[in-house]
Amino acid sequence: MTLWRSALLALTLVLGSASAHAARSDLVLGVVLEPPHLDPTAGAAAAIDEIVYANVFEGLTRIGANGEVLPALAESWDISDDGRVYTFKLHGKVLFHDGTTFDGEDVKFSLDRARDAKSVNAQKVLFEGIENVEIVDPLTVRITLKQPDGDFLYNMGWGDAVIVAPETAATNKERPVGTGPFKFGNWAKGSQITLLRNTAYWGSQPALEKATFRIIPDPAAATAALLAGDVQAFPVFPSYETVPQFQTDPRFKVVIGTTEGETVLGMNNAKPPFDALKVRQAIAHAIDRKALIDGTMFGFGTPIGSFFPPHHAAYTDLTAKSAYDPELAKKLLAEAGHPQGFKTTLKLPPPVYARRGGEIIAAQLAAIGIEAQIVPLEWAQWLDQVFKGKDYDLTIVSHTEPNDLNIFARDDYYFNYNNPAFKELIKTIAATSDQAQRAELYREAQTVLADDMPAAFLFQLPKTGIWDAGVEGLWENGPIQANDLTNVRWTD
Amino acid sequence: MNGWRKSPARFKIGLLIMLVVGLTALCSFVWTPYPPTAIDIASKLQPPSMRHWMGTDHFGRDILSMVMVGSRTSIAVAIAAVAIGIGIGVPIGLLAAERRGLIDDALMRLNDLIFAFPALISAIMITAVFGPGALNAIIAIGIFNIPVFARATRGAALSIWPREYILAARSTGKSDRRITFDHVFPNVSHLLMVQATIQFSLGILAEASLAYVGLGTQPPMPSWGRMLFDAQTMIGVAPHMAIFPGLAIVATVLGLNLFGDGLRDMLDPRASSR
Amino acid sequence: MANYAIRRLFISLMTLLAASAVIFALIEILPGDPARIMLGMNASEEAIRSLQEQMGLNQPLFMRYFSWLFGMLTGDFGRSYTYAVPVADLIRERVVVSLPLAVLSLVLSTAIAIPIGIFTASRRGRPADTAIMGATQLGIALPNFWLALLLVYVFAISLRLVPAGGFAGWETGTWTALKSLLLPAFALALPQAAILARITRSSLIETLAEDYIRTARAKGLSPAQVLYRHALRNAFIPVVTILGLQFAFLLAGTIIIENVFYLPGLGRLVFQSITQRDLIVVEGVVVLLVATVILINFLVDCSYALIDPRLAADR
């Protein structure tokens, strides 16, 4: 009896100490790209947001795990009846990491800085609608818009709209100072970036004491680092070909989610023969999306038939409108006056989805008689020639910005797509704040694009997340490119 | 020919390898086991088998067929780059030896300048300026062949000029230019052949390196270097994608080097003692 | 001799000056706007113009060349567009990877090549010599990046002895950091070692045929004594020259290997900076590499002149 009891006691002790021991509070995450610097208000690189968004910097609002708008530094807001005046009530007792107090001055400074004529904010368009920013009292800020904007709260949640302090704005690139639950620790260039828990955080304390982002651009090294336990989480794992290996390994959780990255075969709508709807339809029907996703992404990725992320509530599946049908494609091509097909070029930026995808699409187009010569470009050249110069026939690119359906309504955008009805529709959406109504309009807009085919819609980029089975709280989907660590913890 | 029996073993082996590579390249114009660009996603990443002797790549293409066609790319780029080097470098070298003095100095300083640039980084910059592709790879590699040939030609030509038969030719009233054409050039040409073989094999390696960083021949035309680039991310899943194109490069370069060494020994018996 | 050295130094400096102009011109005509690539697809034209102004890109070309040139004379290489830190800092951070890698592969290649060279020279013409020389032919034909891939497959992926890529950083401990340099250094060293072994061998054979060696033999010294006391010292002169040149090659030539192993070294910095159009970084690093090559060439020329004063008089 005593023997049993002491054995039991020993067992509880062992288990108890084991579980106490297992409550780890540090995490090493793998990221593929090293950010050029750490100031999200002065650069477009997603690699910046992947480190600092929601961790180091916060905005008035923030985007949640499923793409919803949540309050952040603003605890609440009022919107005037005409939809033009937003009054934000700010959290009190918020400190920047350098100890200075956060208040309305910082909000006014940050927003005015972003929309200033000299601003180098990559998403300046987010702030274009702001007429002025007034400080009502230290914890109340009133923003007046030029016209009602249903996206305004969402826009304020972007990484480019985070609130910075005037004292540190100039040095944030190297030593970011924000209000978030983590403060910047150290950056070993080319190797890793460390964040530390901000014990003076105004909200609830994060479970992690220390988070290290290790930069691992090499797929083989990423695989090895996870297997060896050097890295315990890879939120966007770069090597699709080795994912199945982790799916069968109980030590890991593999979470395949979606992102905001709509990958499209862009067509120059102003240039013959792509100005003809039937040619665009023929191209869309010539592409076997399943083979494309298998060959390019090793099966990861969701086919899309329009320009909208599948995880969004207002998504509607329109893939049937561009179903793979080479016979139909040939017929459409003949009807458009190109029974023998034609020669064209396909300009490809560097990412793997574009380079590999381009080879497959060129082969699939060849099957209906379209001979597409592949022209690989660096990003700088792609931006110059295709994006700015609109000197292209076909191109492949993923549009990773959230909420970007409106690019098809922009004048002077590289698609050269001009549909007044669609532009009107986008304007209506922008001015609508009722969610149900917005969803209905979004569906309508998706259908217009699926019918009009200004680009061939290919697939949604996946978010292939792999992490230690003991880690929880990382995002499944990627509504924005961020690694929010606020709720990340070790279990067991 | 009597020379064949006397020729060193490495010359024979090198020539044999070169013949095999050359015939494979020729054969690929008329026949390959599969169309080298035919994508068949369903049969991707297959290891070597009776159906696909070297396996298939990430698009299900037959690697043997791609290696065969890829030899064309490598050979064509390397030969064209050597041609640029000879076409520009040899006249420069001959001229420098003929004129000496200021022109010689200026040309050689220009050579020093090109030699001072890290070849690969410069080639990468050149292809970044003009865009990736076979033609620009040829130019980028060819530029660095120019000073090599210029130096070699000048050195050899300088040692020819003081010889007696040149003096004899001079006394008959031949111009320096004529002497260069009639006497100097023919006497340095054997050395140029050896140099050309060396540059040829370096060109194969350089083309592979450029293609490997994505700046060489572009798809769908197969290239050994780009096949290795594709293989890199899949090395853990499909090592055969890396092995065969690499072996093709090694074999070709080895063949050329052996051939070149053997050739040098035959033309310059003194060197064979080394 | 001093005269000769001064003349060579002057020529070297002029070459460097000319090289800096070539580098600047070549890099500045790279198509693609650095400001646009930094701000990405959603940036407004206005923001791009502001950034161009901030980076000084709207100044005339020759103005920028001279301010860059004079900056470098004072040790100021400019400020990186993308990283927003002084280029000199970036270079310093990367040199601590590239330099140890180059040194390590040089040490490895010497350690492999010299004994092989001596061994084969002393067994000249015998089967062992023929076999090893055949193997060195194979070594020369190996593209180092392919060798690197195979090494990764065997030692990193299959055996998991070393990391497949990336650099742990010196602050994680010397051994851990060194471990991530082992495979790349070996991949770089092997083809170099093959070349070096052949040169050591032929140089030794040539030296052994010289008159004073015969004299030493005639004096009754044993073959080993002849080899180590007399022949080696003299045979090493060309070997050291080649080593110097290989070092310059290794420093610049690591670009591909650094890409295979994703090492944050100089080569990778240049490569990334070219694609990101961080022109000022490319210019700084390339000038530095060119200067290194010129310096080594100068030293080699001078050492030749020291060994053989006739050369100095001739040129």
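Every chain is named by a letter (A, B and C) in the order it is written, and numbering of its residues begins at 1.
As a working rule, a contact is a pair of C-beta atoms (placed from the backbone, for glycine too) under 8 Å apart; a residue touches a chain by one contact, two chains touch by 3 or more.
Just so you know, these numbers come straight off a predicted model, no measurement behind them.
Enquirer: Taking mean CA positions as centres, which chain lies farthest from chain C?
Expert: Relative to chain C, the chain whose C-alpha centre sits farthest away is A.
Enquirer: Central chain, going by Cα centroids?
Expert: Of all chains shown, the one whose C-alpha centroid lies nearest the global centroid is C.
Enquirer: Please tell me the distance, in whole Å, between the geometric centres of chain A and chain B computed from their C-alpha atoms.
Expert: That gives a centre separation of 46 Å.
Enquirer: Round to the nearest whole Å and give the separation of the Cα centres of chain B and chain C.
Expert: For chain B versus chain C, the centre distance works out to 22 Å.
Enquirer: Please tell me the distance, in whole Å, between the geometric centres of chain A and chain C computed from their C-alpha atoms.
Expert: 40
Enquirer: For chain A, give me the residues that contact two or more of the other chains.
Expert: As it turns out, chain A has residues touching two or more other chains at 220, 223, 350, 378, 381.
Enquirer: Taking each residue of chain C in turn, which ones touch at least two of the other chains?
Expert: 30-31, 152, 157, 274-275
Enquirer: Would you please write down the residue numbers of chain B that are in contact with two or more other chains?
Expert: Correct list: 128, 232, 235-236.
Enquirer: Name, in rising order, each residue of chain A that touches chain B in their complex.
Expert: Touch list, chain A to chain B: 219-220, 223, 239, 241-242, 291, 294-295, 350, 352, 356, 358-360, 362-363, 374-378, 381.
Enquirer: Given the complex with chain A, which residues does chain B contribute to the contact?
Expert: Residues in contact with chain A: 37-39, 41, 44-45, 58-60, 128, 131-132, 214, 218-220, 232-237.
Enquirer: Considering the complex alone, what residue numbers of chain B touch chain C?
Expert: Touching chain C from chain B are residues 10, 109, 112-113, 115-118, 120-121, 124-126, 128-129, 201, 205, 208-209, 212-213, 228, 231-232, 235-236, 239, 242-243, 246, 249-251, 253-254, 257-258, 261, 273-274.
Enquirer: Over in the complex, which chain C residues touch chain B? Could you list them?
Expert: It comes out as residues 11, 14-16, 18-19, 22, 26-27, 29-31, 137-138, 140-143, 145-146, 149-150, 152-153, 157, 201-202, 205-206, 209, 249, 252-253, 255-256, 259-260, 267, 270-271, 274-275, 282, 286, 289-290, 293-294, 297.
Enquirer: Over in the complex, which chain C residues touch chain A? Could you list them?
Expert: On the chain C side, the touching residues are 30-34, 36-44, 46-47, 50-51, 53-54, 82-85, 90, 93-94, 97, 152, 156-157, 160, 163-169, 171, 261-262, 264, 274-277.
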